[in-house]
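Order as written gives the chain letters A, B and C; numbering starts at 1 within each chain.
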Amino acid sequence: MTALALTGLHAGYDRDLPIVKGVSFTVQRGEAVCILGPNGAGKSTMIKAIAGLVPCFGGEVRLDGTDITGLASHVLVGKGMGFVPQMENIFTRLTILENLQIAAQLLPKQDRAGRIDAMFDMFPDLGSRPRELAGALSGGQRQMLAAARALLTEPRVLMLDEPSAGLSPKLVGQVFDTLRRISETGVTLVLVEQNVRAALGLTERALVLVDGQLAHDGPADALHDGRLLGELFLGHRTAEAGS
Amino acid sequence: MELLAYAAFFLTIALTYAIMCLGLNVQWGQTGLFNVGIAGFVGLGAYVSAALTTPDAAERIGGFGLPIAAGWLAAMIAGGVLALLVGLLTLRMRSDYLAITTFGIAVALQLVFQNAESLTGGAFGMAFIPRPFAGLQGQSFAFNLVNLALTVAVVAVVYLLLEHLLRSPWGRALRAVREDEVAAQALGKNPVLLRIQAFALGGAIMALAGAVQAHFIGFIAPGNYLPMMTFQVWAMLIVGGSGNNRGAVLGAVLVWAIWALSGALISEVFPADQQARAASLQIVVIGVMLCLILLWRPQGILPEVRSVSRHLGRRNKDT
Amino acid sequence: MNPQAIIDGLISGSTIGLGAIGLTLTYSILRFANFTHGDFLAWGAYLTLTVAGVLGGLAAGLGAPVYPFSFGWGLPLAVLGGVALTVALALGLDRILFGRLRARGADTIIIVMASFGASMALRSLLEFIFTAKPAYFTKALQIANPLGLGMRATPDQLLVIGLTLLLVLVLHLVVTRSATGRAMRAVSENPALAGVYGIDVGKVVRVTWIIGAGMACIAGVMAGLLVQIRPYMGFDLLLPLFAAAILGGIGSIPGAMLGGLIIGLAEAFAVQIVGAEWRAAVSFVILVLVLMLRPQGIFGQRGA
């Protein structure tokens, strides 16, 4: 069963200068996929385009077979797409509980309190102080809250943009443990990462994006020794220097 | 002959607006600073110059009978200092605080013009402001023509000075700050300082425009410096093309022509008792025009030459 | 010092505060200083006046004053119509002007400029339609009743203060307690993230205009009832509104109200000390002081 399918997606901030140039791939239900690539390759833009935050200029995105290309981000949440942006992914001036309440608004009234409690059970650090301002949380706890918010609506596909950014190595481990737990519940995971080692430990499959195009799509194992990755990244760099 | 005299008169007034537009272009076109108090700066220039150059008058302080050039210079200093203070106060904060503060400056100065009778003559304003080439006043055509020549010269000097400045390293730094503040900062430019300098320069030029206009007309009153004027100057620059000094001059002449013609039309078409009412339609038209241009052609008639300014188009969405 | 200044200040401060609420909400949620907001007050007053005229034509009894106030049942009914029309005006303006500029990704300052152009046009349109001559909701005269301590107020004035406090309380509860209020606070912090959370930002924007324009209309009617209705009334209130919103802290409803009351009181005392002709300078002085001493305002967050 295909959860997410991209066909020839073009996206970016300016129609004349697309950053994502014709990317196609599919993600199966329950799969965990990681998207790697050098800085500026368009990973972040691509995931934002799927999430409805960056305009799509061509191609198609399907979620469980339904065309969702160019839909607004809030519509996508209702359709089962969860997205955790890289930075500024929680409302710091709202309380922890309020952050979750906003997300819960999409659920039927009788389910809201139960789902919020379920998230507090999953992340006890958050459950112990629901009325504190989210801005008071540490970096790792913020990522937890962001993940809890996205999971609250039980998305079929959860996409995360660099969940390890700005975290200490110890916290990176914690965040990826959480992601593994989430993945084990059957949620489809799409992950953009710079931290190659952490990402490859989590996912079975890796996509490599170079200069807005797909340069590699295969099992994560093949990238473990780093040689292929180096080739893909460096190959890009020399091409850039030559152009 | 009369028509030509009127044409010269019309052009002279239009060109005083062109000077204001050039001042605004330094602030907005080159630097992206939104000044909603243009009328205040122009009025300040007019009053300062008038106070220094008029003959002594019993009912108010001032009236030093200084030469016109001294008045102009003092006007520029006053406008520049006022803009400097406003800049120091607001330019570290988000962009619309400057707009609100300059709006307040114009309101406050308007009150001073109205109420500080011992300085400004109050609601009656100030008369007997020395006019350049006053000896020719009897022959209206010659008088208007030499004054037109003088105003053209002022516009030319301001224009050339600004063009020179904008091509200088200072001007390039200014645009760099406008286009990408972070990058400019990384290159060692101080954005706040550059903005304050540009704002002060623009304020000085606006005040000069006020002084030139006051001396040409020979009479000023608080009613000349209403928010209406700010609005007209904005319309002129946006129509002409912000960022382009030739556009600023063209826009001033064009919008002033539209203004004068529509005013003439109204006085022809409407009965006397309805004219004030009809005149408000003029403002509606200019307001709608301003919005339409912002929507459909934000670069104006003559776009900025180097690069269409980023703040008129898309913002940086990578944040 | 005449204690009556306190009452005068509270009354005009109520109007300013109510008007500033809409301004502070649009400022924090739509992220621009809206220069047309003052004109929403003026349009609200004129639209209400027009609706009242139509109602009066339909049923003459609506105009008869209801003791102890100077106006009849027609006015509260007309306010409902006026609020609806002012909201329609604000939403329409957002659709044809501000919304398009936002969609294009135009810089804040371009939207501010467009609001400046639109405000000139709106104000002059009022002058064209209704002429510059002042208009009144009622011709009835009211006696000010003594309140003690040398202060007096008319029933209308007390109603204005009471109604304002009630509206502020309700709005404050809505914003702090309801789901809509949560969504508004979320959008004001980060609109893009709000979409990711599943909030329909367009809807929040519409709610903001509805509250802002509705409050502006009521504030305009109050100002019209207490003083008079003029095309420039909104423009004259614009600087006090901005000063109140910034003094209270952008985005804060209690802040805007408190800011409005402080400015109203400061104006009332200034009128007694330096004279009525300098009244308009008070807001400017307060604005400059706030920008110098505490730019985030009383209740504002730092870095706003």
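The rule is short, and it goes like this: a residue touches a chain if its C-beta (ideal position, glycine included) is under 8 Å from a C-beta of that chain, and two chains touch if they have at least 3 such contacts.
The model shown is predicted, which means the values in this text are computed figures rather than measured ones.
Two chains share more touching C-beta pairs than any other pair, namely B-C.
Chain C has its Cα centroid nearest to the centroid of all protein Cα atoms in the structure. Centroid analysis (C-alpha atoms only) places A farthest from chain B. Averaging C-alpha coordinates per chain places the centre of chain B 31 Å away from that of chain C. Remark: chain A and chain C have CA centroids separated by 43 Å (rounded to whole angstrom). One inter-chain figure worth recording: chain A and chain B are separated by 52 Å, centre to centre, where each centre is the mean of the chain's CA atoms. Among the residues of chain B, those in touch with two or more other chains are 314, 317.
Interface residues of chain C facing chain B in the complex, by the touch rule stated above, are 32-33, 35, 97, 100-101, 104-110, 112-114, 116-125, 127-128, 131-132, 235, 238-239, 242-243, 246, 277-278, 280-281, 283-284, 287-288, 291-292, 295, 304. Taken together, the chain B residues at the contact with chain C in this complex read 32, 34, 36, 89-90, 93-97, 99-101, 103-105, 107-108, 111, 114-115, 227-228, 231, 234-235, 238, 276-278, 280-284, 286-288, 290-291, 294-295, 298, 310-315, 317.
On the side of chain C, the complex with chain A involves touching residues 179, 182-183, 185-186, 189-190, 192-201, 301.
Taken in their complex, chain A has these residues touching chain C: 51-53, 72-74, 77-78, 83-85, 88-94, 98-99, 101-103, 105-106, 149, 153.
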